[in-house]
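Following this line, the structures themselves.
Next come two complexes built around chain A: one with chain B, the other with chain C.
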Partner chain A sequence: MAVYKRGYQRYGGPRAPHLERLMVLPREAWRRLMAQRVVTALLALSCIWPLLCALFIYVANHAELWAGLDRDFSRILAVDSAFMLTFMKVQSVFSVLLAALAGPGLISPDLGNQGLALYFSRPISRLEYVLAKMAALVWLLSLVTWIPGLLLFVMQASMADSGWALANWRLGAGVVLGFWLWVALVALAALASSAWVRWRLIAGGAVLGFFFVLSGVGVLVNAIFRVEWGDLINPLRAAYGVWCVLAGAEMPAGLSLPTALLALVLMGTVLSLALERRLRAVEVVR
Partner chain B sequence: MTSRFRLRQALLIARLELKRVFLSRRSLWIYALAMLPAVLFLAHALQLRYELGQARQGGAVAPAVLEAFETGMSEQQALELAGKPGQDRERTIRRSSRREEQGKEIFESREVRTRRMVYFDGSRRAHLWFEDGRLRSKEIHAVLNFTEDREVYAGVFQYFYLRLAIFFGCLGIFLNLFRGEMMDKTLHFWLLAPARREVLLAGKFLAGWTAASAVFTAGALLAFAAMLWPHLGAGAEAYWQGPGAAHAARYALAAVMGCAGYGSLFLAASLWIRNPIVPAAVLLLWEASSGFLPELLQKLSVLYYLQSMCPVPAPMEPDVPALLRLILAPAAPLSPWLALLGLCAFSALVLWGAAAGVRRIEINYSTD
Partner chain C sequence: MPQPVVELDDLHVTLGRREILHGISCRLGVSGSGRAIGLLGPNGAGKSTLIRTLLGFHTPSRGRARVMGYDCRKQRRRVLERIGYMPETDSFVASMTGVEFLRVMGSLSGLPAEIALEKAHETLFHVGLGEARYRTLGTYSLGMRQLARLAQAIVHGPELVILDEPTNGLDPAARRRMLDLIRQMKQEHGMSVIVCSHLLADVEQVCDEVTILRDGLVIHHADLEAERRQNRRFVELEVEGESARFAAALEELGAACVREAAGRFRIVLPLDFSLDQLWKLAADHGVSVRRLTQRRDTLEEIFMKAMGLLRQTPGEAVSNQEAPAHGGL
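Let's look at the complex of A and B:
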């Protein structure tokens, strides 16, 4: 048959399951993330603090190592909610830095090369596209957040007295739940900036700016007006408030669980709306 | 070619670049960042003036009257002592309590009549809280507290302005000078001009520094003026005739030198590294953790020199954990002139490194 007589027809062969097809996106995104040496380097750097915390737990559980020191030292070397919250605070900063490096490359190339129409002409919804792109970033951020946190909890539980894990189960649950919430917010911010800012460089700066400048603005409002509601526009502080409740620690003054959660949900909603507005299968070029 | 000719070339490049830096839409967020403290201090000043006006409308009592209120006294006694309050609000709330009786927890809920009275003595305000007709608590605080406001300004300047606003503002301005042109695919026009690469670098740095210094110094001074405004006639004049003017000058100097220090670093980073976000993130971490580093390493941070220029040391954040407080050892500050000299030398050294970078720069638009 002559070539010109061959009409286009729908593919009728075997098709992979929907989830398997969808997993191509995070797999590919992950491969590209890991190809960036700087992401790998920062990932390695992010493991230093958990390692130091592991060393802390080891020292705290071996009283013979500091037997000659001040008795008050045992109070400082306690593995409690304050220890876990400090760990979470530091790792949350690393997670933002990682998202600033890794996040901008996830959506902006698809947008810049008018690739969204190609994605959405396949049986992939916008939500699935976002979730698939997010999955790669969430996995990357998990490696520096709740996974090391959980490992630290398990390490302490195995080294401390038998009843420690039961008495402090909230620390383990808090580190996992708190970081899930945080990772979702950071990933959303990274994807939104990637969708809105075409240049990766500026998009990375926007992610850093969202978290650090907004935190600064929150502190600024609190200091100038002598109020405490500035914490609600501070993502780091609002998340910290939620972590405190989850870990069973005292909440910072001026914050309550409903308001902190509401602030985080509002931020997430704004970022999701920004993402939704930008991700369209068609683009009008004027 | 004389050095005078090269200087003229650099100034010309700076003038051309200034228009691009100042009048671009990309710089709007930097103006917002720089002016935010001024706007907030202004809003606070307006709020204070409004509160003072409201308090004065209610009439002032003698200062000794505010001290005479004692917990446990009745509403009637308070009214006899001080007369009609400036503000008076009554409401009924439901309060629940828990008590233990014979090993059982008993929850009770009852209605409580509350009343809040506010008295003003011309400078201080007393909030009295009554429950069921008895004074439960009183809070007296100065409406205008100049010392506290100055401390707040010092904290805002060092924690927000230097660490965040100037840092991110310079990141935006100085990255845009070379990397922005690379992304706009316009850098080759500059490289085709008959000017040495170092002259181009000097011109661009000068433009960035001028723009950043103008924006951030104006922002810092406006915020300082807005902080002083509600205190005019109540100590601000004496402060201004005393150390106030010198303090304002030192804050302005710190802002200018902050732009020079961070600007030179970001400019060099944009020439040496393809993704300058990496050195920016590293610098952010370095500067944030400088207080925990040994004294010698602290002197390798821009913030150390900038803090030495500030007239008032920054207050420590209250929620720093005990272990971190233990290892926190800020180095002794330098004299402001030595800090200025140190930062100038540091910026010159970084720019010298940037000059080496600009000499080897090659345009490859496809990779950016």
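Let's look at the complex of A and C:
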């Protein structure tokens, strides 16, 4: 029977499991993200560097292609921690750009017209709401970070000698763990800016500012005051320091692992608190 | 023992340093009975705070609140699965179409995916937004958004629907439609409804009981249905002719009459006495009835009395003072 003839009937059938209900939010958010052409275009653009890296690995593992070239050329074509760190640095920039474009549309539309009360009057908690929204962004960022990184590692492992994977397992683990940390930080920053800034352009600018301007400020602080605590507000340097340790490379001069970890934890905490403060069903005037 | 819809036990709620609810204890409604409860009170009485506490937005500082037998704090998810909430504020997600909005809200409340889409269409037609269901909510008028908010509150078929100022800002036609929908919700679909409103006439039209709050306390609870039943027994009568024998005949049939002036009576009719019998009795005694008024305690009177602005309602004057005296003629 046509819907308009049927009339309203109360639903009394079985309910969907809790996790299935929650998945509605990331699915909806993902649908909206993919509806933005500029996000799709940037996503496609972000795949160019991994493709070039894949080409590099192919060339590095086919000596016959550069047989006539200088012997030193083989050293340049090494797939090692320096190669992986370069790959991670480039992709981390793309991930921030993607987050700046996609992030602002995740929470601000719900906040803009006081829609949060409608969400939180359903059987979902604030934490679940944040995680569900974050899931869409994490998936998007994963497509340009740890997934291609892992694929490159697997590609190299399959093309190189049988012992290569075992000898360089830290590269694989480093690219996955390092990017997980990075993606969590970027997603938190994007959600926090979406929660606090209503206008998309400014919210996107805030994400870029958090990573690039704040990093610049951190460097300036260190240089002007001749201190090291500027590293605590430098997300790029802190993340890079952790990646170096994970990939088995040398840490940048003047940065220690505890400082880098402390900086990441501090920034994550501040961003989480900012989200917690903003995401409430009703604003209580005290 | 029937399960109350809402059960409050010494409920204290503090926001910041200010205590808003000062130990409310009461039981409202009966689960599954399809009754509507009106929540009344002046601004700042604590109505919205009470509703938000039931929804788990505020945590009680002392005491507890239960909805359908589930604790609002400890069993929040179970409570929210059974509730549909229409907030007072203009809440919506502007970029979603009506169908998307209801599908998402229905799914979050536990409707399986394919059912959620079906129910979204069904509910939008039910509230009168069928033709506008593919338009984004941002393009809806205020009245349409109000209906969309009602639709999202009932799309998952909740046992209890909480409506916060449902008729605010609506034109007369839209208001009538909203009240009809609320009536249908309780009468045809068996939902319990809590209506929080400043508009006493609206509450009076759709509610079966009212609870009045003031300064964070429940100061009065009235069963409007019982009051309405009782009100039908009070009649003010003005007659011409031989009224003494007519009054005596009425008393013989069990009515209590109080003579106010020549030919003017206040009468308390027995429960099984119909007005047709009264007309017949008047005709039999050659009395012509010039005026017959059935007293009706308005909700406004009940409210004003609870607020301390009125000493007693007119009905009480007859029932408490005069009727027992059997003044006669």
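Just so it is clear, the second predicted complex is superposed on the first by the 265 of 286 C-alpha atoms of A that agree within 3 Å, B and C clash if a C-alpha of one lies under 4 Å from a C-alpha of the other, contacts with A are read in each partner's own complex, and residues count from 1 in each chain.
Rule of thumb we're sticking to: contacts are C-beta pairs under 8 Å (C-beta built on N, C-alpha and C of every residue); 3 or more make two chains touch, one makes a residue touch a chain.
All figures in this text were calculated on a predicted structure; none of them were measured in a lab.
*Asks:* Applying the document's definition of touch, where does A:Pro109 land relative to chain B and chain C: first, second, both, or neither?
*Replies:* second
*Asks:* Where does A:Leu166 make contact in the superposed view: on chain B (first), on chain C (second), on both, or on neither?
*Replies:* It touches nothing on chain B or chain C.
*Asks:* Classify the contacts of A:Arg6 with the two partner chains as first (chain B alone), second (chain C alone), both, or neither.
*Replies:* Touch status of A:Arg6: second partner only.
*Asks:* Quick one: name whichever of chain B and chain C touches more residues of chain A.
*Replies:* After superposition, C is the partner touching more of chain A.
*Asks:* Could you look at A:Ala67 and tell me whether it touches chain B, chain C, both or neither (first, second, both, neither)?
*Replies:* Neither partner.
*Asks:* After lining up the shared chain so the two structures overlap, which partner does A:Val282 touch, if you call chain B first and chain C second: first, second, both or neither?
*Replies:* second
*Asks:* Just to be sure I read the superposition right, which of the two partners does A:Ala117 touch: chain B = first, chain C = second, or both, or neither?
*Replies:* Second partner only.
*Asks:* Quick one: classify A:Pro14 as touching chain B (first), chain C (second), both or neither.
*Replies:* Only chain C is touched by A:Pro14; chain B is not.
*Asks:* Residues of chain A that sit at the chain B interface in one complex and at the chain C interface in the other, please.
*Replies:* Touching chain B in the first complex and chain C in the second, no residue of chain A appears in both lists.
*Asks:* Using the touch definition from the top, list the residues of chain C that touch chain A in their complex.
*Replies:* Against chain A, chain C makes touches at 15-18, 52, 55-58, 76-78, 80-81, 83, 85, 87, 89-95, 100, 104-105, 107-113, 115, 118-119, 121-123, 125-126, 130, 149, 152, 154, 156-157, 189-191.
*Asks:* Can you list the residues on chain B that touch chain A in the complex?
*Replies:* That would be residues 33, 36-37, 40-41, 43-44, 47, 152, 155-156, 159-160, 163-165, 168, 171-172, 175, 179, 183, 275-278, 280-281, 284-285, 319, 321-324, 326 of chain B.
*Asks:* Using the touch rule from the top, collect the residues of chain A that touch chain B in their complex.
*Replies:* Going through chain A, the ones touching chain B are 38, 42, 75-76, 82, 86, 93, 97, 100-101, 199-201, 204-205, 208-209, 212-213, 216-217, 219-221, 223-225, 252.
*Asks:* If we count contacts the way the header does, which residues on chain A are in touch with chain C in the complex?
*Replies:* 3-4, 6-16, 18, 20-22, 24-25, 28, 32, 109-110, 112-125, 280-282, 284, 286
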